[in-house]
Amino acid sequence: MDSIVILFISGLLGLFVGMRQQTLLSLIIALGGIILAALAAFFREAYHTPLANYSNYIPTPAYVIILLCFVTLLAILGGYKRYSQDKDHIGDYFSLILFSLCGAIMMVQPNDLMLFFIGLEILSIPIYVLVGIEKGSALSAEAAVKYFFTGSFASAILLFGIALLYGATGSFQLIEIQSNLAFGIWSSPLAIIGSLFILAGFVFKIGAVPFHFWGPDVYQGASNAVLMYMSTVVKIAGIYAIVNVFGQVFRDSYLFWIDLISIIIVLSMFYGYITAWKQNSFRRLIAYSSIANAGLMLLALANTQNSNIFLFVSAYSFATIPLIIINNVANSDDDDLKNWEGIAWKNPLIAIALVVALFSLAGIPPLAGFFGKFSLLWSALPQIPYTVILALIASLIGAFVYLKLLLLALKKPSVQVKQSIPLDQIIALLITTMASLVALYFI
Amino acid sequence: MPLDLTLIIVLSLPLLGFAVNGIFGKMLSKKLVGSIATIAVFTSFILATTLFVRLDGTQIVKLFNIVDHDNFKINASFQIDALSVWMSLIITGIGSLIHLFSIGYMSNDEGYYKFFSYLNLFIFSMLILVLGSNYFVLFFGWEGVGLCSYLLISFHYNDKHKGVANSLAGRKAFIMNRIGDGGLLLGLFMLLGQFNSLEYLEIGQSLAANTHLGSGAMVFIALCLFIAATGKSAQIPLFTWLPDAMAGPTPVSALIHAATMVTAGIYLLVRSNFLFELAPSIKDLVLYIGLATTLLSAFIALRQNDIKKILAYSTVSQLGLMFVALGFGAYSVALFHVTTHAFFKALLFLGSGSVIHGMHEEQDIRKMGGLAKLMPITHFTFLIGTMAISGIPLFSGFFSKDEIMAQALHHNIWAYSILVVAVSLTAIYMFRLYFLTFHGNFRGGENLKSKVHESGLSMTLPLAILAILSVFGGILNLPGLFFKGSAHWFDNYLSQGTFGLEHIHNVHLDFNAAIQLMIFASTVALGILVWAYFVYFKKGNLAKSDLELSSWEKLSASKLYFDEAYNYLLVNPLIKLSDFTGKILDIKILRNGVYAIADGVLNTANLSRRWQSGFLSSYLFWMIFGLILFIAFYILKISI
Amino acid sequence: MILILLPLIFSIIAWIAPSSTMRLIGLIASACSLVASIISVSFFNPTEHVLFDLGVQLVRFSMDSLGYIMVILTNAVFFLVFLSNYYNQIIGHRRFTALAFLMQFGLLGVFTVNTILGFYLFWELTLIPIFMILYWFGSFENSRVLMKFFLYTLFGSLAMLVSVIGLMQITHQQTYDALLAADLSTIGNAGIWLMGGFLLAFAVKIPLFPFHTWQAQTYTKAPIAGTMLLSAIMLKMALFGLLKWVLPIFDGIATDFWRWPIITLSLIGIIYGAVIAIRHQNLKTIFAYASLSHLGLITAGLMLQNSQTNEFAVVQIVNHSIVAIGLFMAAGIIEQRLKTTNINELGGIAKVAPRFAFWFAVLTFISLSVPFTSGFIGEFFLIKAIFDVHVFSGILACTTLVLGAIYMLRAYQAPMFGPTKNEKFLDLRWSEIAVFALLSLAAIYFGLAPKCITDFVAHSLIQTTH
Amino acid sequence: MQVASNIGSSLDFYLFVSIALFAIGAIGAMTRKNMIVLLMCIELMLNAVNLMLVTFSTFYGNGDAQIFVFFTMVVAAAEATVGLSIIIMAYRNLKSIDIDMYNQLKN
C-alpha cells in the first residue's frame, strides 16, 4: 500500500514542480519516488497476497513491484531526452507515468476483483493520455483514439465478465471465489463465460491474438518515450493479473481453458512474428514482436503450480527498452527502419547493446531472454508439449525477424558518422545490457 | 653387425638420402646430390647382400607397436626370409644401377635434387613393402610406392607442352592404384576379421592348423588381394595406367614401371600363396586374367610407334606371363621370371633412355633408324636385351619363359598354345622395335642427326652391367637337363626359405618333353628373328603412318580402344552423376527447397498484415468476434 | 578451470587493448592457452576426472581425458588460426580477436561442462561469435546465406533444447554421471524422440546428408579464418556431443532405433560429398564437400558404439582438424593472393611458388590419408568397424579412397600444374610455413604413434560404452 | 421492500435486459461512425454491467456489488472525461469526428 502512496505523492509533487518548468528537479522527484516505492515494497512484507500460499513459485508481489518500479525508472531515464523537450508538460509526463504505475502495482497484488478493475483503469487511463500527448501529430491523436475506444471497450467486457463471475459466486474476494468455484460450480455457464470475458479483458491488456489490434497502431502512434513505458509495464501488469487470476482462482477449470490458451499462444506467436517480417516501421515491428511475446508469456499458465514468469518478463523488458532507446537515436522524428541501416557503427555502446538485446529477444543463451524462455518451456513442456513445440517453431521465425533487424543495423555504412548519446540514455542502455548479460547468475 | 640393425640400416639409408636431398638438395651441387642418392642405395644393396649371405630360415624384427587393439596387435615389424631378401636385392641392386644412370640422364633438369629424393623415397617404401612382416606394413609400402610413382610420373608437371598431360597421367596412375588399394584394404579387413592378425606367419600357421576355415572368406580375401595385384601390376582391367605412366622420366619407367613396383603384385600373391592355395577358383581367375593380359598387350605392342610405349606394353605382357605362372601355382617360377625380367627390361628401358637422351627427347621410332653406328654401346646392349626378352636360347629370358611354358604344357594345352602366340608376338614387336631403331637409315632429319651422340659413362656402365646380367641371369635356375647338381637352385632357395612354398613342388618335365619344348621354343624365336631381319632390315620395311593402317593394325595402334571404353563406361557416367547431384539435387532440390519453405512462411506476412485494416470499427468487430469464438469454444467443449 | 576462463579474460583484454597490438595479442594469447593446456595435461592422470564449477548451479565442469584431448585440440586450432592469418587483415581487427576468444571460451565450455543444460548453453554460446565473425568479415553479398546458416543451426538447437528439458524432467538429473546412471529403458519410445532432438541438432552441425546445404555456401563466403574455425573445431562439438553425451545416455532402445538410419545418412553423405566434389569449380566448395564426406565416416563409426572404434574416431577427429586447417589455409592463401578460388582461373602456381606447391601437396596427401599419416589409421579402423558389422557398407565406405583421390588430386593439380596463368604469386611467409610444418608433423606423428591418443582417451571412452 | 421479495423469480428477466443492453452497446460501438456515439455506446455497456451487478447483489442480498457499481460509475465518468478530451484533440488535428477518417495507421 505505502509504495502506492509514495508514488501518488511524488506524482503530485511532480505536477507542482512541473508547473515551474524545472525539468531536472521533476526528474529527480520522479526517480526518487520510484526508488522509495521500490524500497518500501522491499522492506514491507505487507504486500503478501493471500493467494501466494496456493503456489510456491509466484514471487511475492514485492519483487514484481520492484521490477515494475525498476522498469519504469529505466523507461523514464530513456525517455527523459524527449520529455525535457517541452518544458510545459514535463510534470504531466512524470506524474501520469507515476499514477499509472500505481494502477499497475494494484493489479499485481490481486485481492479483490473490484480493486483489480480499478487498478486496471488507473493503469490505462493515464496511458490513453500519454499516447495522445503529442498534440501536433495526427498519428498520435489517432493512436490515442483507437487505444481509448478499444481499451474502454475491453474494460467493459472485463467488467461484464466480473459481473457474471459475481453472479456465479456471489463475491469479489478472490479467495472466496476460488473456494466457491472449488465446490464444483466452476462448470456453471455463468462462471465459465464470466471467466472467458475476464480472460478477454486481460488478453487485450497484454495484446495477444485476437485482441491485439490496438497494439501496432498505438505503438506506432505513440512516442518512443511513452512506448518504453507502455510496452513493458502494461504487459508485466497484465500477465501477472492473468497468472494470478487464472493460475490460482480458476485453476479448477484448468483443463477447460488450457486448450483455449494454447490456441491463443500459437496464434499470437505465429501471427506476431510472421507479420513483423514485413514491417518497415520500427515501432510497428516492436508491436508485432510484443504480440508474439505476449503469446509466449501465456505459456506461464500451462503449469499452475510452477509458473515462473518473472524471469521472462524482466528479460523482455530489458531487451525492449534498449531497442526503443536505440530507435530514439536512429529516428529522432520519424520512425522508419531505413534509418536503422548501419546504426551500430555510430557508437560502440549501441552496437553492444543492440547485439545483446536482439539475441536476448531471440532467446540465445547465455542471455536473459534464453533463461526466461527456458523457465517457461521448462514448466510448460510436460503439460502442453505440442503447443510448446509449435511455439519453438514460431520463435525460429522470430529469430528471422530479429536477425533481419540486426543485420540491417550492423551493415557497414559508406560514411561513418559518430553520434553521441545523452547520459541518461547511456545509463539506461548500460543497465539493461548488464541485466541481460548476467542473467546466468540469477537462475 | 646384428641382423636387425643391418635391416634397419638397409631401410633407413634411402630414407636418409631422401631427407638429405629433399632438405639440402637445393644448395648442393648436382654431382653431390646424385652420388649421395646412389651411394645410399648402393650401400643398402651391399648390406642386403650380407643379409642374403647370412640368411637362415625366417626371422622377424619387431621395431615398435603401432596399434594395440583388444583383439589384435599391429606391429611395425619386418621379416627376413628368402623371398623378402631376394626382392630387396633386386630393388636395391637394379635401383642403384638406375640411380647411377640417372646421374647422367637427368643432368640437365632443374628438378634434379627433387628427382633423386623421390627416387630414394621410392626405394625406401618399396623396401618397406617387401620386407614388412605383415599386411599392414605391406600396405604402408604399397601406398607409398603408389605415391612416389605419382610424384615421379607427373615429375615434369610444368612442361610447356606435355605438362598437363604428365600430371593427368600421374593422376590416372594414382587413381587406378587406389582402386587396387581399396581391394587390398577390404582383404585386410576380412583377414583381420578371420584371423585377428595380419602377420604372414600367424595367418599361415593358423591356416595350416585348420584348413577347413571358411572357404568363402578365403575366396573373398584372395579376390581382394588379386584386385590389388591387378592394380599395382597393371593387369586387365586396371592396366591402362602403365602405358600412360611412360610420361615420367625414363629411369623412372625403368625402375618403377618395369623392374620393381609393378612386380609388387606378384610379390603379394607369392607372399600369400597359402591363401590362394585355399581358393582354387581365384587361382583360375588369375590364370585367365594373366593369359588375356599377356596376349592382348602383346598384340597392342605390335603397332605402337613410341619406343617407351612399346616397352610398356611388353612389360604388361611379361607381367601377364608371370600371373599365368602364379595361376598354375608355380610361385618360384613366376619370381624367377620377375628376376630376369627385371634385368632385361631395366636394360631395355635404360637403353631406350639413352637413345632418347641421344635423340634429344625424341621418342618416335619413325624418326629414328641407323643408330647402331651413332651409339654403338647402347645398340649392343639393347640388342642383348631384345634377344633376352624374345627368348633367344641361352639368354636369361629363354630359361624363365621356358619354365612357364613347361608349367602351361603340363597343366593346360590351351593355355600353352596361347602362350606360344603371345611369346612369338613379343619377339616380333621387339625385333621390329630393334631394327627400326638401330638399322636402316636415319629418319630424324640432318640437323638432329648431327647432334645425336653416345651417352656418357655413368649411363653406359649400368647398361653394360645389366647386359651381362640379362645374358647370364638364366644360370640362377637352370632346368634339370643341364647340370644336375646346381639345377633349380632358385626354386629350392625360394621354397626352402619362404613360408608356404615348401609344400608346393613345381613340376619338372621329364627329359624328352623338356628337350622338345626347348627346341620348339628356340626355333620359334630364331625363326622370328630371321623373319624380322628380312622384313625390317633387308626390305627396309618402315612403320607406316596412321593413315594407311589395315584394320587389325588400327585395332592394335589404338590400344584395342580400352581407354575409350573406360571413358564411355565409367568416367562419363561418373561425371554425369556428379553434375546431376551437384547441380540438380544439391542446389535445385535441397538448397532451394529450404529457401522455398522459408519464403512460403514469410510471405504469408503480406496476407496477415491486411488483417490490421486500420479501421476502429473492424477492430471492435474482431474483438466481439473473438468473444464469440471464446463462447463457441465453450459450447464446443461442453457438447463433446 | 583457469584453463577455461583464460580465453574469456583474453577476450576482455582484446576489447580494451589498442588495436595496433591486436596481432601480437591474438598470437601470444592463443599460444598462452595452448601452452597452459599442455602443461596441465602433463599433470593430468587419464584415469581420474576432475570436477569444479564457477558458482553457477546449472553449469558445472569436469575434466576427463576425452575432454582434455578436445581442449588441447581447440587451443591448438585457435593458435594455428591466429598464426596462419598473421599477415591477413582480419587479425588486425579488435572485433575478430575478441570474438574469436569468446568463441574459444564457448568451445572449451562445451568440451568440459558436466551438466546437460550447461552443454546446451555453451553449444549456443559459440553461435553468436562465429555469426558475428562471418557477418563482419565474410563476403556475404546477400545476407540470405548467413541467415540460412544461423537459422539452420538454431533450428537444430531448439530441437535439442526440447530434448534437454525433456531429459532433465524425465530423469530429474542433470549431471553427466547421474544421467549415465539414470535408467531410460523405462520410458521406452520417449527416449527415441529425445535422442532424435539431439541428433537433429548434431546432424545440422556435423552436417549429415540432407541437412548440409548451409555448409558449402557458408564455407565459400566466409573469411578463411572463420571457415577454419567452423570446420576445424566447431563441427567437432557435434561429434563430441554424440560420443560423450548422447550415445552413452540413450544407450539401449533409442540407439538401436537410430543407429542404422544415421549410418545410412552418413554413408550417403560420404558418397554424395565426394561425388559432388569431383566436378565442382570452387576450391573452397570442394573442400567443404570433402569434409562432408570425411565427417560422414566418423559419424558412422561413432554410431557403432564400440569403444575401440571410438578411440580411432577420436584420432580421425584430430586428423580432420589438421586436414581442415591445412586445406582451407591453402585455399585462403590462393584466395588472398589471387582474389579467386575458382580452379578454372588458376594454374601453374607450382612454377612460381614451389614452397607453397610442396606443402599444399603434403596436405593433399594427408587428406588422402595415405599411410604414415593419422588419416590412414583413423580411416582404416573406422572403415574396418563398418565392414565388420555390414560388409556392403564397408565396401561403400571404401569407395571414398578412390573418389577422394579423384577430387583431391584434381583440386591440387588444377591450380598448381599446367600453364602458368598468374605470374606474380607471393610464396609462403614464415608463419604459413610454420603452420604447414606443424600440421604435417602432427599428422605423421599421430600416423605412426596413434597410441598416444587412443590409450589416453581409452579411460574416458570405456565408461561411454557399457 | 417488495421488489426484493419477488426479484428472484424474475432474475432471468433482469439478466436478459442487461445482456441485451450490453449487446446493443457493443453492436452500436461496432457500427456507428461518430465518436460521441461510440462513447455513448460504451457508457451503455458499462451501465448494462451496472444493472447486472445490482441484480445479482439483490439476488445474493449482499451489498458489495452495489459499492462496485458506484466505483464503476466513477470510472465511467473518468473515462468519459478523458475520452472527450481525446476526441477534442483528435478533432483539432483532422477536423472530423468520423471514426473512419482515422486510419493512417494500418497494416
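Just so it is clear, A, B, C and D label the chains in written order, and each chain counts residues from 1 on its own.
Note that contacts are C-beta pairs under 8 Å (C-beta built on N, C-alpha and C of every residue); 3 or more make two chains touch, one makes a residue touch a chain.
Just so we're clear, the structure is a prediction, and the values are computed from it rather than from any experiment.
Peer 1: Go through A-B and A-D and name the pair with more C-beta contacts between its chains.
Peer 2: Most C-beta pairs in contact, of the two: A-D.
Peer 1: Taking each chain's centre as the average of its Cα atoms, which is closest to the average over all protein Cα atoms shown?
Peer 2: Most central by this criterion: C.
Peer 1: Between chain A and chain B, what distance separates the C-alpha centroids? Give it in angstrom.
Peer 2: Computed value for the inter-centroid distance: 78 Å.
Peer 1: Counting only Cα atoms for the centres, state how far chain A is from chain D in Å.
Peer 2: Using C-alpha averages as centres, the distance is 27 Å.
Peer 1: Quick one: chain C and chain D, Cα centre-to-centre, how many Å?
Peer 2: Centre separation, chain C to chain D: 67 Å.
Peer 1: With chain centres defined as C-alpha means, what is the inter-centre distance between chain B and chain D in Å?
Peer 2: It comes to 99 Å between the two C-alpha centres.
Peer 1: Can you list every residue of chain A that touches 2 or more other chains, as numbers and ranges?
Peer 2: Residues 145-146, 149, 153, 216-217, 400 of chain A touch two or more partner chains.
Peer 1: Please set out, as single numbers or ranges, the residues of chain C touching at least two other chains.
Peer 2: Those would be 151.
Peer 1: By residue number and range, which residues of chain B touch two or more other chains?
Peer 2: 598, 609, 612, 614, 616, 620
Peer 1: If you go through all the chains, which pairs of them touch?
Peer 2: Here the touching pairs of chains are A-B, A-C, A-D, B-C, B-D.
Peer 1: Inside the complex, what are the residues of chain A that reach chain C?
Peer 2: Those in contact with chain C are residues 355, 359, 362, 364-366, 370, 374, 377-378, 381-382, 388-389, 392-393, 395-396, 399-400, 403-404, 407, 410, 440-441, 443.
Peer 1: Report the residues of chain B in contact with chain C in the complex, numbered from low to high.
Peer 2: For this pair, the touching residues of chain B are 64-70, 76, 139-140, 143-144, 147, 154, 157-158, 160, 163-164, 167-168, 171, 174-175, 178-179, 181-182, 185-186, 188-190, 192-193, 574-575, 577-579, 581-582, 586, 590-591, 594-595, 598.
Peer 1: If you look only at chain D, which of its residues touch chain B in the complex?
Peer 2: 26, 29-31, 33, 38, 99-100, 102-107
Peer 1: Under the touch definition given earlier, write down the residues of chain D that touch chain A in their complex.
Peer 2: Touch list, chain D to chain A: 15, 22, 25-26, 29, 35, 38-39, 42, 45-46, 48-49, 52-53, 55-57, 59-60, 62, 64-65, 67-68, 71-72, 75, 78-79, 82-83, 85-87, 89-90, 92-94, 99, 102-106.
Peer 1: Going by the contact rule set out above, which residues of chain B touch chain D in the complex?
Peer 2: The contact residues of chain B facing chain D are 609-610, 612-617, 620-621, 624.
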